Every structure is written in C-alpha cells, then in structure tokens.
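Sharing a structure with you now.
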Amino acid sequence: MKKLVTLVLLLVIVGATWLFIPKKAEQASNKPGMERLVLTGSSTVAPLAAEIGRRFEALHSNVRVDVQTGGSSRGINDVRSGLADIGMASRALKENESGLFSFTIATDGIGMIVNRANPVTALDRQQIIDIYTGKITDWQAVGGNADPITVVNKAEGHSTLELFLHHFDLQNSAVKAHVIIGDNQQGIKTVAGNPDAIGYVSIGSAEYEAQHDAAIKLLPLDGVAASVENVQNGAFPLARPLNLVTRSEPAGIIKAFIEFARSRQVDDLVMAQYFVPVAH
Amino acid sequence: MIWSWHNILSLSRTDSILAALLRLCALLSAAIVILILLFLISESWPVLQHVPLSRFISDASWHPAQGLYNIAPMLGATLLSSLGAVLLATPLGIASALFCHYYAPTALAIWHRRTIALLAGIPSVVYGFWGLTTLAPLIGRLHPPGVSLLTGIVVLTMMILPTVALTVDAALAGVPAAYLRGAAALGLTRWSMINGVVLPAARSGIASGIMLAAVRAIGETMAILMVAGNVVQYPDSLFASVRTLTANIALEMAYAMGDHRAALFVTGLALLAMVLLLVGFAEFFKQDAAHV
Amino acid sequence: MKVSMDDTDKNSEAQQSYTLGPLQSGPHCCDPRPLISVTDLSLHYGAKTALENVSLDIYQGCITALIGPSGCGKTSFLSALNRLTDMLPGCHVSGRIRFNDLDVCDPDLDVRLLRRDIGMIFQKPVPFPLSVRRNIELPLREHGMRRQAEIDAVVQQVLQDVGLWDEVKDRLNSPAQALSGGQQQRLCIARALALQPKVLLMDEPCSALDPIASGVVEDLILRLQGRYTVVIVTHNLAQARRIANYAGFLWMRERTGRLIEFGQCRQIFEAPAHALTASYVNGERG
Amino acid sequence: MSKDFLATVMIWLTALLISGFFLYLLTDMLIHGLDRLSWAYLLDAPLDAGRSGGIAPIVTATAILVLIAIIVAAPLGLATAVLLTEFTRQKSHFGRFVERSLDVLASVPSIIFGLFGNAFFCLFLGLGFSLLSGGLTLACMALPILIRSAVEGLRSAPDEYRLAAAALGMTRGAALLHLLLPTAAPALAAGLMLGIGRAGAETAALIFTSGYVDRMPESWFDSGRALSVHIYDLAMNVPGGDASAHAAALVLVLLLFTINSIAMGLTRRWQRGRIHSL
C-alpha cells in the first residue's frame, strides 16, 4: 500500500515538474521576436485558416497561429474588442460593421441539399420559401413522393443562416423547422440519413460528401447548378466570401499572414477544403 | 468521524495548524459552487436588466436575434427526455443489478458487472456519435426526421443505465444476508423474496440511484445535442425534434454575443435551478424516509 | 513528569531509564499513596447520563479492577482518565480528576503528554497495519525519539518485558496483523510500555482472547504490578479476584452507572459492605 | 406460468440485452476504428482538418488537461475529505455546509462548468482559451468525485486506529499520515482514477475553455483540443471526418477502459483489504 502511495505521489510530482518545463518554454516564447496570432470566428473558415496557419508557421518559425471557432459575428466582435488579432467571417461585412478591414481568402456558396433517393430535382424560389415557412409540408406538392418534408434549419448565430434568410427574405421566427443543426457536417449527416429532409449547407462541404458516397444531392438554385465551378465563375446566386477581418490597416506579422492567405501558395489548401480560391 | 470538534483545545499545535489549513481547502472546495452561481448570475445580468424573467417563459419563441427569449419549450424537452430515459433505464438497471446478485452464476455476474462498469466509462460524445450515425437513420426509417425526442431518450437511456445498475447493485449488496436467509427459510420463491424483501430493503439506495441517473440525464449535453434535432418546440409526438437546455447552450454559445450570450447564461441558470430542485427534493425525500 | 522526550534525548540520565532490567513482579503489597484521585466524576452522552458521582482513589503501583455488568460506564470511566472522552461525540465530563498534581480535566492541558503517562489497552487488540517493529517505533518517533539505536534498544526491551521477544525477534519486519490474537495484545501492551507510562488503563484486555492467550496476558499484567499502576476493567470476576489489589463495583441504577462500593479486593469479594455487591460477586445478580 | 419463472426470464433477457448491446457497440467501434488506427496515427499531427494525419498533439493536450485537473483537484480534494472525516463533527455546521455544497457541485451539469469556466477562467482571470483554463474547469468537475471516494476510504478506516493512536499520545496529523491514509490508499487511488476517467471523457466543458487548436501544445497557456472535442469536431464539422472520428473514438474508449479497469482493480483490492483487516 505504501508503495502505491509513493507511486501516486511520484506521478504527481513528475507531472508537476513536467508542467513547469513547458512554462519555461512559454517564457522563452515571450522573448521579443516570438509572436502569436489569434484568429477567431466562423467555423466554416476555421479549418482552412488552421491549415494556412500551419503552413505559415512552417515558413515563419517565430510565429504561432491559434485558431478558435465561433460564428462570424463572434469573430468580428472579438477583433473589435481586441481579443483576436484577426477575425474570420464567412460573409461580407455588414453596414454597421464599417471601420473594419476585410480580406477575402476564398469563396464558398450555400446550396440546398436533399437526400439522394428524393426524386425532386429542382425547386423554385417560392417553393423553397413555402417549404421553409410550413406552407408546403409534403413532397407531393412539389412533384415528389407522398411523404412529409423534414425541414433542416441552422441554429442562431451562424452566418449561413443569416445569408439564407436574407436571400429568401425570410424571418427566422417564420421558419417552421423540424431539425436544427449546428455545423455543416451535422446537416449533411441529417439529410443523408433521412430521405425526406431538405437543408442548406456550404457547397464545398456538400460536394465533397456527395462525391464520397454520402446519400445527398445538391439542388440548383434559381436555375443555376450548385457547384464549386459555378461559384467560381460567379453564376451561383448564393455565394459568399470567406473573409479575414482586422481592426486596423494590417501591418507586420498580421499583414504577412493575410498576404500569405491570399497568395497562390495556399490555393491547394483552399481547394482541399472544397472552397474557391481568390483570383490572383 | 469519531473525532469530535467539541474540544478544539485537545489539538496539539501542529494539529491546529493542519486543521486551519484543511478548513481553508474545504472552504475553497465549497466556494466553487457559490462561485459558479455568482458567475452565472453576473453573466446573465445584462439581459436580465432589461428583459423581465417572465419573458423567458412567455415570449412567442426562442429567437434571440429578434429579441425573443422563450426557454419554456426547452425546459419541457429537458424534462421529457430525462423522464423518458429514467423510466426506461430504471427497470433495465434494476433487472441488471438483480441479475448480478440473484440470478447469474458468480463468474458471469463478475463479467456482467465489469461490462456495466465499462459501459459507464464510455464518453458521451461516443454515444452521440453512435446515435447520430446508427440510431437516428434507423428511427428515421420508422418516422422522419430520425433525430427526435425518441432518439434522445434511447441514447440517454444507454448512458444512464450503467449509473442505475451500479448504484442499485451497491444497494443490493447492502441488504443484510440475514434477511435473505430469513426469507429463504420461509420457503419463498426467488421472485417473492426479491419483490417482498430485497427491493423494499434496498429502497432508499435504489431511489438515490435513480435520482443520480436523473441528474445525469438532465445535464447530458453532447449526446443529446447530436441526436435530438434541436428544434425549439413542444414536441407533438415522440418523433418530433426537440432542443434541451443543455443543447441550447452548446449549440449557440460559440456564436453568441451580447444579449444572446447573456440569454444563454440564463438558460444555464434555469438548468442549474432544475438540477438543484431535484437534488433538494431527493434530500427532502431522504430525510423524510429517515424519520419513518 | 512532564519531561518531553526531546529533553530526555539530551539528558543522558533519562536515557538510562530506557534500559530497564527484566520485568519482575512488584511487591505484593503496594504503596497506598493515591496516584489518581477522582472526585464526583459524572459523564454524559448528550442528554444521557452514563456515570454519576463517582469518587475513588487509584493507588500507585497497585492493580485496581473495575467490575460490574456491561453498560454501567466502566469503559467510559477509563476513557475519562486519559481524556479519550474528548474524542467521543457528544461526551461531556464533569467532576475532578487529579493525576499527581495535574488537573486532568483542565482544557489547557496537553493531552499528548497526559496520554504518554497514562497508556491504554483496548478490548480488541489494535495492532497498526505496520510491521511489528514500526508498531512500537511509530509512537516513539512521534514523541521525539530519533536515534535508531535507541529505538531498537527500546523495542527489544519492551518486547522482552511482555515476553514476545523470542516469538517475534526473527520477524520484526513482518506485518503485526499476522500475529495471533494473544501476541497482538501483548504487542499493544509493549507499545504502551515503550512510552514509559506511569499508569496503564486496560479495557477488558483478555476478553477477546482464547483461554491460553488470556492466561499469558494475565500473567503479564501481574508482573506489571508494582512498576506500573494498572486500572483494569473486567467482566471476569475470577480474574479480578486473582490479580487485583483494589476493586470497584459499578452498577446501573435508574439507567445511570454508579460506583456502589470500592475497597481492597479481598474485602470486596469476601466481605462486601453492600448487599448489591454481595449478590453480584456471588453470581446471584448481573 | 408462474411469476417467478416470468421474472427469471425477463431478468436474463435484460442482462443479455445489455451485454449484447455492449458487445455490438464495441465491435462496431473496432470495425470502424481499426481501419485508421496505427502507430503513425498515434504519433503524427493531424492534417487536413483531421481527416488525415494523426492525433499526437490531441492526445498530449488531453493528457495535460487531465494532469492539470488532477494536480489541482487531488490535494484540494484530499484536504477537504480529511477535514470532513477527521476534523469535523458530523453534525457541525461547517462540515454540513461543505458536504452540502459538494453534493450540489457533484450534480452540476458539465455544460454549466463550461459556461462557468469560460466566464471565470478564460475571461475574468484572463487565461483565455488555454489548457490551464480547461484543466482548472475539469478540476472543479473532478473535485466532488475525488472527495467522495476519499471520504468513503477514510470513513472505512477503523476507529480503533484513531483511538489507539490517540491513547499513545500521537497527534491527529501523525495518525492520519501513518495509519489512516495508508489504510485508505486504494480507495484514494480508485477515486483518482475515476476522476481521471471523468475528466478524460469530458467534451461540453472543454469546448468553451480549452478551445480547438490542434497544434502540439508548447505551454499550458496554449489552447489545446481534447480527444473528445476532436471526435465531436470530426463528426459534426469536418466533411469526410467520420473514419478519423471512429479511430479517435476507439483510442479514447480504450484509454478510458484502461483507466476504469485500474480503478475497478484498486477498488476490489481495497475491499478485499478491508475484509482481511476485520
């Protein structure tokens, strides 16, 4: 028993010392020359920003890039309050957000998705509005099977939701949803698992999943096929920029990072996330 | 335990120093819960200042972006899902514990108990993952959308079942062997012995186990977030999607600012109040039982 | 008497006192000087009164036996003598206990020193879950003895005193709980003796032991007579009669323990002054 | 059919159902998780938002989180347990107050700890999204578990030790150090393991406190992603992350199984020890 106590004590002591060593490293990292970039905001942009950050770190050994997710508005708010150096937003700045600087690093679209087994191949604007406001509750009304529609909506605070509502001129309180999801992947999983569901997600995510055997298909919007290609050529109506936002004119390391994120060197990273790189 | 505080003077000097130190630590431990309450209130204060509490149950809906803050449907969903899970898990858990004690051969009982203990150790995110990828499509085939109150209840049941089983197991272990010998001597069948002697004797242990499981069900977040659908509404059937208080916080917290964020802290307060009520009720019940 | 062991460490004369000669039985007739005098001792557990108005003297070097039926407060009385009552929840002691010139009930008293001078043996042997050696070493170190050679000498001395040395000298480092019941009880006595107490309180030290072990322990208690003052609580009337110089008889009256009679052992057993005592020692009551 | 027979059948069926479900869950996890599981997976950094690469920084971050939690909570919990069992009357107001608040703390949902950790450690104390914030939040969560098992262990140490030690004029501190704590050691260790298990499995409280960064942590002020948060993120937010999520889930479950098995073994040993000493 005594051995056990000693062992536990020893473990704790070893652990404590081990924890103190990194603390020294941290003091070292606070030396002049060591810089930390904090990015917060949109969960759509975050995976891309993290990848770019990783590559940026490899090129600049004295920089650490921390990426935290949240919503676009959260990112913008954090930049304002100085909590973050750079905000990430999966939408353009709003009018009341003037005074900030935004830099597009990629473009993404929002597409309507349904289950692959659903015979419906297209919905017009009014039909989508009616489905989301509960006026149409059965697929039969829009040419599908006689099954009740499962409406998938996004949770409050996501810019995908804001853009969707804005595009169709809806109030969120008017939407009669059956499922509410947080992030893109949850939406894709929900629609893939339910033959009668309809939802809207980032086109990049949807196309990737559709090509990897998820049981979903993208519907054209206003007659334009929802594809990365159409987002790239600007034909798709519900496209959005993925932005990095700063409080002041970027300088120093922030400037370097933003320039890097907009350069050709990260095009492969952008495409790996199924987004559209900016034109160079 | 046996030490009495009544004569502090009988402590030696080192002991007094030690006691003071320990009291400090204990005070710190006890202060955490107060600190939590304090911070929840202070963080929800901004919205409570201009939105009266009554609006949190009387508003038309939960649309914090439009200044609507009704959390009553989420209260209802939390209650319903927990209640359903407790109702399902209680008989299963008790049966499992009875199995270990009175039905299974010793070796099998040991393995069964180990299995349950391991089930208890599976993290909630794994249950949620399983529910999302396996269970929800299954239920969706029955009745869309699949992510629903029912799915939530089933996953919650899986999660609290080990809690019920293990606490009831411990309670059964505490039933004096003399009772069993007495019952056996009367020639009772195994079930009459269990029903007539064992379960009543272990009553308070079983009750506290169920209470513990209920608290866990109410507080469960990740799994229910992944499988319950998260629509803020009063469910009209088991297949309707619902959002619990916990899911509301986890879903929107990362995206919330200002009043929205404060309203989520109010949600947290409501959740805490609910759990405290339950714990208080359990305490009251325990004291009541002690007087009988 | 209140010399702490830190001082004895420095004091070579006191050190000498640890190397005792072999323990022999003391003089048959002991010194009739009271070492502990108890006056009007009452003991309450919450609202319940366990003992009321007990007054008696305990004479130096003698064996005093307390007899009486169970529940009449004998154990509580013992616990009051070394202030172990402090640790019993809700226990309240009133009255006066003087030990030498010390007021035992004084709240400012250092109970550690008191308890070093008044050792206690419990009904059930309580060896600590340590080795035989550590069992004795631990309290010695607690009281400030540091030098290993010294400690080893005391360990050997007290184990010889209780007649355990030959039985355990080869397994001093094995767990004490592996010893037999009788050996465990003698180890506990040795542990108490190591602190050189003036008084030993024994709470039915033989009742949890088999007859042979019980006989060995009883012989040991007899040999302690003279060198130590022993207060022993026992159910065993024959044992009390065999070993005690003085005897006190306690009895429950109105749910409260009272001292009915106290005197020379022979007198209590052969010519009791009180009818209750007579009927108890004759086995007619109790 | 007699009631007795019916009950027997029902109870066997239930037991079978539970074991069956467990086996199914385990095989399901093994089948899906073993695909991606390899040494490289354990030793590499995540790439491509976690779809490929490994989980080394994430396992490290999880270990640091748990370690911080235990280093903070273990001494505090032990001290509180010792106070409750050895230095307070059971009916004293202070003891009752402490015990009651710990009961409440034990029933606080983990998401509330997340809210509190975010508001207190991250913002109020200015620790930001960091391993330290997450670890301290976990410490608050693990505290009641540690205290409860320590209290149980200490209460089951025989009173005779306390009385005998006092009768030998030993201080309470000495009795505690040399007799009671060693007696209760397996219970303390089992509680420690349970606490580690609970901390290691936590997701909700960590999302808002230790954050999402999946880089190898360099100090405890770094943000770090816990294994369970990683699984959640892969399952919910990363297209094509399912395979990695399954592998990560398998790793987490195996880790927790190991820890819980140790805890169970210790508890058994403790109980057996108690029987021997009686």
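Going in written order, the chains are labelled A, B, C and D, and every chain counts its residues from 1.
As a convention for this text, a residue touches a chain if its C-beta (ideal position, glycine included) is under 8 Å from a C-beta of that chain, and two chains touch if they have at least 3 such contacts.
Since this is a predicted model, take the numbers as computed values, not measurements.
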Most distant chain from chain C, judged by the mean position of its C-alpha atoms: A
Chain centroid nearest the full-protein CA centroid: D
Chain pair with the most C-beta contacts: B-D
Inter-chain centre distance, chain A versus chain D - centres from mean C-alpha coordinates, in Å: 32
Centroid distance [mean C-alpha coordinates] between chain D and chain C, Å: 48
Separation of chain B from chain C, taking each centre as the mean of its C-alpha atoms, in whole Å: 53
Rounded Å distance, chain B centre to chain D centre (Cα mean): 17
Sites on chain A at which at least two other chains make contact: 1, 43, 69, 182, 186, 189
Residue list for chain B, restricted to those that touch at least two other chains: 2-4, 6, 12, 132-133, 226, 254
Sequence positions of chain C contacting 2 or more other chains: 87, 89, 111-112, 129
Contacting residues of chain D [partner chain C, same complex]: 89-90, 158, 160-171, 174, 178-179, 182-183, 276-277
Touching residues (chain side chain B, partner chain A) in the complex: 60-61, 63-66, 68, 132-133, 136-137, 140, 144-147, 225-226, 229-232, 240-241, 243, 251-252, 254-257, 260
Residue ranges of chain D in contact with chain A within the complex: 48-49, 64, 67-68, 70-71, 74, 129, 181-183, 185-186, 188-189, 192, 211-215, 217-223, 235-241, 273
Sites on chain A touched by chain B in the complex: 43, 69-71, 73-74, 77, 147-148, 150, 152-153, 155-158, 171-173, 177-182, 186, 189-190, 193-197
Chain D contact footprint on chain C (complex, rising order): 82, 84, 87, 89, 111-116, 119-120, 122, 124, 126, 128-130, 138-139, 142-143, 177, 188, 191-192, 195
